[in-house]
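Should a chain be cited, it is by its letter among A, B, C and D, assigned in written order, with residues numbered from 1 in that chain.
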Amino acid sequence: MAFRWEPVTQLGQRFVDTAENHARDFAGRAAAHDRDGTFPHENFDELKASGFMAATVPEEFGGWGLTSNHDLAVGISRIAGADGSTAIAATMHLTFGQIGAWFNRYQRETGDEAGAAGTAGFLTLLGGGAIGMANATEPGTDLRHPLTEVTSTEGGCAINGRKTFGTLSEIADLMFVPSRRAEPDGSYRSVAAFVPRGTPGQTIKDNWDALGMRASGSHDVVYDNCVVPEELVLDNGTAWGEDGLINVVIGFAGNLPLVATSVGIAAAAYDEVLRQVKTRTKAPSGRPLAERRGIQHLVAQMEADLVTCRALLSHAGRHIDQAMARPANEVDLDVMHDIGREFQCVKLVANRKAIDIVDTALTASGGAGYMTSSPLSRLYRDVRAGPFMQPYSPVDAHEYIGKLALGLPPDIDD
Amino acid sequence: MAFRWEPVTQLGQRFVDTAENHARDFAGRAAAHDRDGTFPHENFDELKASGFMAATVPEEFGGWGLTSNHDLAVGISRIAGADGSTAIAATMHLTFGQIGAWFNRYQRETGDEAGAAGTAGFLTLLGGGAIGMANATEPGTDLRHPLTEVTSTEGGCAINGRKTFGTLSEIADLMFVPSRRAEPDGSYRSVAAFVPRGTPGQTIKDNWDALGMRASGSHDVVYDNCVVPEELVLDNGTAWGEDGLINVVIGFAGNLPLVATSVGIAAAAYDEVLRQVKTRTKAPSGRPLAERRGIQHLVAQMEADLVTCRALLSHAGRHIDQAMARPANEVDLDVMHDIGREFQCVKLVANRKAIDIVDTALTASGGAGYMTSSPLSRLYRDVRAGPFMQPYSPVDAHEYIGKLALGLPPDIDD
Amino acid sequence: MAFRWEPVTQLGQRFVDTAENHARDFAGRAAAHDRDGTFPHENFDELKASGFMAATVPEEFGGWGLTSNHDLAVGISRIAGADGSTAIAATMHLTFGQIGAWFNRYQRETGDEAGAAGTAGFLTLLGGGAIGMANATEPGTDLRHPLTEVTSTEGGCAINGRKTFGTLSEIADLMFVPSRRAEPDGSYRSVAAFVPRGTPGQTIKDNWDALGMRASGSHDVVYDNCVVPEELVLDNGTAWGEDGLINVVIGFAGNLPLVATSVGIAAAAYDEVLRQVKTRTKAPSGRPLAERRGIQHLVAQMEADLVTCRALLSHAGRHIDQAMARPANEVDLDVMHDIGREFQCVKLVANRKAIDIVDTALTASGGAGYMTSSPLSRLYRDVRAGPFMQPYSPVDAHEYIGKLALGLPPDIDD
Amino acid sequence: MAFRWEPVTQLGQRFVDTAENHARDFAGRAAAHDRDGTFPHENFDELKASGFMAATVPEEFGGWGLTSNHDLAVGISRIAGADGSTAIAATMHLTFGQIGAWFNRYQRETGDEAGAAGTAGFLTLLGGGAIGMANATEPGTDLRHPLTEVTSTEGGCAINGRKTFGTLSEIADLMFVPSRRAEPDGSYRSVAAFVPRGTPGQTIKDNWDALGMRASGSHDVVYDNCVVPEELVLDNGTAWGEDGLINVVIGFAGNLPLVATSVGIAAAAYDEVLRQVKTRTKAPSGRPLAERRGIQHLVAQMEADLVTCRALLSHAGRHIDQAMARPANEVDLDVMHDIGREFQCVKLVANRKAIDIVDTALTASGGAGYMTSSPLSRLYRDVRAGPFMQPYSPVDAHEYIGKLALGLPPDIDD
């Protein structure tokens, strides 16, 4: 038996067991949601009911207190084997809690009482059952340069802008909206607004229609003079576009489960095609396809790629956990960019290998996998989403890794 | 300006010009047919009206007499840039005529009067406007070992079997059905039945539903005691499973335009993404994406792959034309396997590179191409069909090429 | 700073520290030994003097008792960064001790007193300072089917055969010679002979002359009626060619440090080229090469590959350590083939990536690395040795992995 | 039989036949010259004696008048199969003649009498038996920005600078030395000096010592106040660093035979390993290696890569010949950059594939090819030289191709 990717903490084991239970139910629904592009509300009802959605919220705020990003990613990879869309949608919420918890601790350890109160506020909401999501991506810019703007207005702050790829927006109760806010001198600060669902001026467009991940509800969200109270807009402590700790941490900890999603999809494709070639035969010999050396060669290639993906996730996950366990006084931008740099290598290779695995599974399936009725055809579309997830796309990742390795500032300005 | 792939004969130029005219009209319809999985009947009405569908039928039988397989493939690649499904569906008919014409000449030169009369019969039908198609692929076996069986019955021959990937079956008037037929000693002969559409016992299943090439009408076709007159069943001159000249010729001449389809799709993806990166800009600099070195790198990669594909198609096409122009007494299995072996190399590499190009185009599109509204998301699904087209899939191709290169019989039995 | 690969045990840390100390001295000698194809005797004098060569011998037999194969491999990778030849030559001895120690424990736990006495014998020799090596590879066969033959003769057993790639043969005191021995019924047993250096009939050919690893002293060793006492010939407990536990364990535990050698070489090439591009400039701009985006792209590629290699080694090393720590009653062929299968994936990918890294370093060096005076040109030759090391070469590895993954016996008979 | 790459002109056929005759003799000498790093003077004596070295000089100047760059490259690829060093060294001279002849015609057609007289002068020398070479490459800059400087001095022009990779310098009678020359206003002109061997101040360093191509005599050449008459310094008609026609033409026409060298080397490796696997057997089955499916897979991979290389060379060669046959008034920078852009794609892919082929041959050889005694070990080192040859290395090629494809100026300034 090939080694699977396993959790490293007890709480992680519980999380993964829960994920596997859910996955059995989700698998049967995936094809229909994919076909229709519908959000799997029943999956999320079940994920809420089991407590899964509260896993990353600290115990003091009502959750399980799962701090291992590694184990979070293991659990998500199990969900992804059944339904990639559910996996990424759940991730949007779960990492929101986990990174929020880390940041809350960091704020307390660095004496940032006001900040800590703010993060405690939303952790309390999450612990109480609210669903949160990052609503960060915008067309025509990168994550460090949101064009969405916050301006002071009567009764608070007005938000104006358009976000895309708003995964989980179908059910999220609370959006985390990275923005910029002008200073009197015309320069911008980097800020983030927390927007409760249904705030006037916020429109969830219900327009997600993509090649894959069709059940993820990744709609555009438009903010048109959407006004929230001043206390729901947090200053990130940096100028707009400036490199900041929280962005770097989100970059890896928010992304590892997304890479794990791709790998979980690839593993499902591998399992599916192994099943096929063991049972199907070919005339004139009538031998099982599994006995053909050409098929064995493809299987070896897929397995080698899968081992590579698992080794990479395990490697990055352990390092991320170590970095996030550091006391605040041992944390700085350089330390976190070291992790970010390694993580981007992992993301670059694992996302590509995951695509390769599903592609090879299609090749081994000999045409059967190209039919809509085969799960392989869905997995092929779903797995292609991985490299688009920010930060970073492959182009940017090469620049980020290369510059850091060469001792240059990791700015993606080229 | 990058070099395009151009025809080498005058008639080929006419064919390609006609293809380009059609392509302009087809482009606007492709997305809807893809979405709905509907066959583009209007495209084929236009292809018939322009005479395009008669291009490969010899003049004596009422067609244009296009004998250059190279130029046929160039024209098909242009159609493919607009609609891959139409390109492969048209190919099914056009190569049927072209290879039939070649075989008719071969039969006459070798004194096979009966055979020549048979092929002349169907060429006359094609020249008169009939649409023909090969209905060859079956699940669980390869092209040399059809399991569909022809048996003698009252009033002619009964055909029983199931064919898959019946591209163009939506409108074909005449199916070419490779089969086997038992001898009194229990051994089988390799035969082919010509089945007029609508013959009782033939059912076109209307069940094509695939990842891509969704408008190609590649339905299953079932033959259940489908009876045709004895004269519509031709003996291929070989035992069942035996290596034969016509199979080898179909292998390359029938396939080159299919590879050209993949490359045409890739070229369309490249053009689309070039257009995008020249016009889209990115904050904070506001520069066009085209000025980013990372984008230039991807563009260079796509262009290098596209040049490779075109060089391969041009190379194989010239060699195929030379081989098919040989007098019958200079043609034998070895000569044709030389071409087949080179062609399989070309198919293996060009199909893979075509997939790589569309994949890289997606990467360069930065997420925009993943949306259903982008042509890239359709091209990504369509281009993946190439390697499945027989003969050969990648697994079999490696075996065929390797064995021939090592002086071993090119049997795919492993 | 990019993460290096670090040991996981305290003893491993001592071993790695020692390796790093040695590496500093070895680095300056590598070019000359490579040029002249001479064995670095002074390196091995130093490795003996520091106790490094006794690291894997159990404490009870006079060594350090390093049981972690993971940490052994980490240390070897450090040596490899200075001199690949020394790294593989040292490995031949160190794994001999480590696997011997494992097998000795296994024999004791399974009640095989005679076997345990035999392995204790050679461990005692190693603990006393003897240098051992496996002398296994033969041309024209694989490791499970040695053609070297042991026959009973006056005064003991006569060994006849020819071994190749006898790395470390220049100084080894004791050769482990896998052989076959005929039974009265004509069948063969799988046996291993221990041959002290200088036994009459043994000739070390002094003929190693290869593309790379030129200082490894990997001479042919000929056994021509070489007679050893009967007690130095051990029956492996299996028929000739039969799958056996010790072969499987040697397959991964003996090989991990060899893969680590390739990765150590790749890391050295990466460091070298980083150094170059940070300092060299290019006219007309005069900017350091490091500021060119094309160079940054290559650097990112190398770093991603290196992270992949390290993740793979770390992954396999942990699993190997866990497997070798199992009590004898939890060990069987299936358990060990699970490890072997994963390890072969790791070897396949890491050896290839290591080659890719050095190749990319050459590309980034822009011609400078192609000169004999550059360490890159040596590293390029040395790193290519990795895939040849048995078991398995890439061809065999695909077959072994594929068959195991498909539930078939892992025999490389095809 | 796999298709070889064949000439397209009659004169080309003569050239290729002559090359094949020479190759038979060169093959036996290659190993010794490689080992010792000696220049194969006897090869060049024979190449001169047969008239081969005069092939590209126009008939009016005493040569054969071979104008097809395609056929020149075919012939060179045949030489390369025997000895890569001889192939690149002969290329330095032969392209010098061919491009010179083209430029001479261009000058005459554009009314540049003075220029035409200059090129006629050196063509007369070449026709009379002189050996010419480009002495262009310099460390730390690119070909458009030579740092070697020409200054006016008593008795003519003094040249100062250092050239590297001076292939053929061991026997060249005439060096073509791209340089820069200051204008009164401090700006530079792009110039080229023709330096007869032995001119005082010119030192050929006899220091070539590289990983491969060890017999090519690619020594450094130092110009230290080396004075030539004013008439031997030609102004290229452009400012220093400015894009110019002659540079672009040299870029492709001077380089195609160098790419053909890599492919010729790869073809030789393929032939060698085919021979091996057909004859070697493996215990226990004793079957020839050729019957192993894993070996067949590698063979298919090599053949597919080789077909790709040949298709690319053939494609580029035909286009280059067409471009160089144009009348002067149909030639401009854009036309030539179109060819250059396609050629760089060809070079990028073919050089890489050629390396891959030899690498795969090593894999298939199973260790035998790693020995110095095997030609594969030399071919592996020689073939790696290809990507370094300018213009362009892979980094620069991506930039050049990408920028041209995107409609940007093809300046490698990044």
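Quick note on the criterion: a contact is a pair of C-beta atoms (placed from the backbone, for glycine too) under 8 Å apart; a residue touches a chain by one contact, two chains touch by 3 or more.
Just so we're clear, the structure is a prediction, and the values are computed from it rather than from any experiment.
Novice: Please state whether A-D or C-D has more C-beta contact pairs across its interface.
Specialist: It is C-D, judged by the count of C-beta pairs in contact.
Novice: Roughly how many whole angstrom separate the Cα centroids of chain C and chain D?
Specialist: 41
Novice: Just curious, how far off is chain D from chain A if you go by their C-alpha centres, in Å?
Specialist: Taking the average C-alpha coordinate of chain A and of chain D, the gap between them is 50 Å.
Novice: Chain D: which residues touch two or more other chains?
Specialist: Residue numbers touching two or more other chains: 293-295, 297-298, 398-399, 414.
Novice: Graph of touching chains, which shape: line, ring, star, complete, other?
Specialist: Per interface graph, the chains form a complete graph.
Novice: Which residues of chain B touch chain A in their complex?
Specialist: Answer in residue numbers: 137, 139-142, 145, 147, 164-165, 209-212, 241, 280-285, 292-295, 297-298, 355, 359, 362-364, 366-368, 370-373, 377, 380-381, 384-385, 387-388, 393-396, 398-399, 413-414.
Novice: Which stretch or stretches of chain A touch chain C in the complex?
Specialist: 1-3, 274, 277-278, 290-291, 293, 295-301, 303-305, 307-308, 310-312, 314-316, 319, 338, 341-342, 345-346, 348-349, 397-403, 405-408, 414
Novice: Touching chain D in the complex: which residues of chain A?
Specialist: On the chain A side, the touching residues are 293-294, 297.
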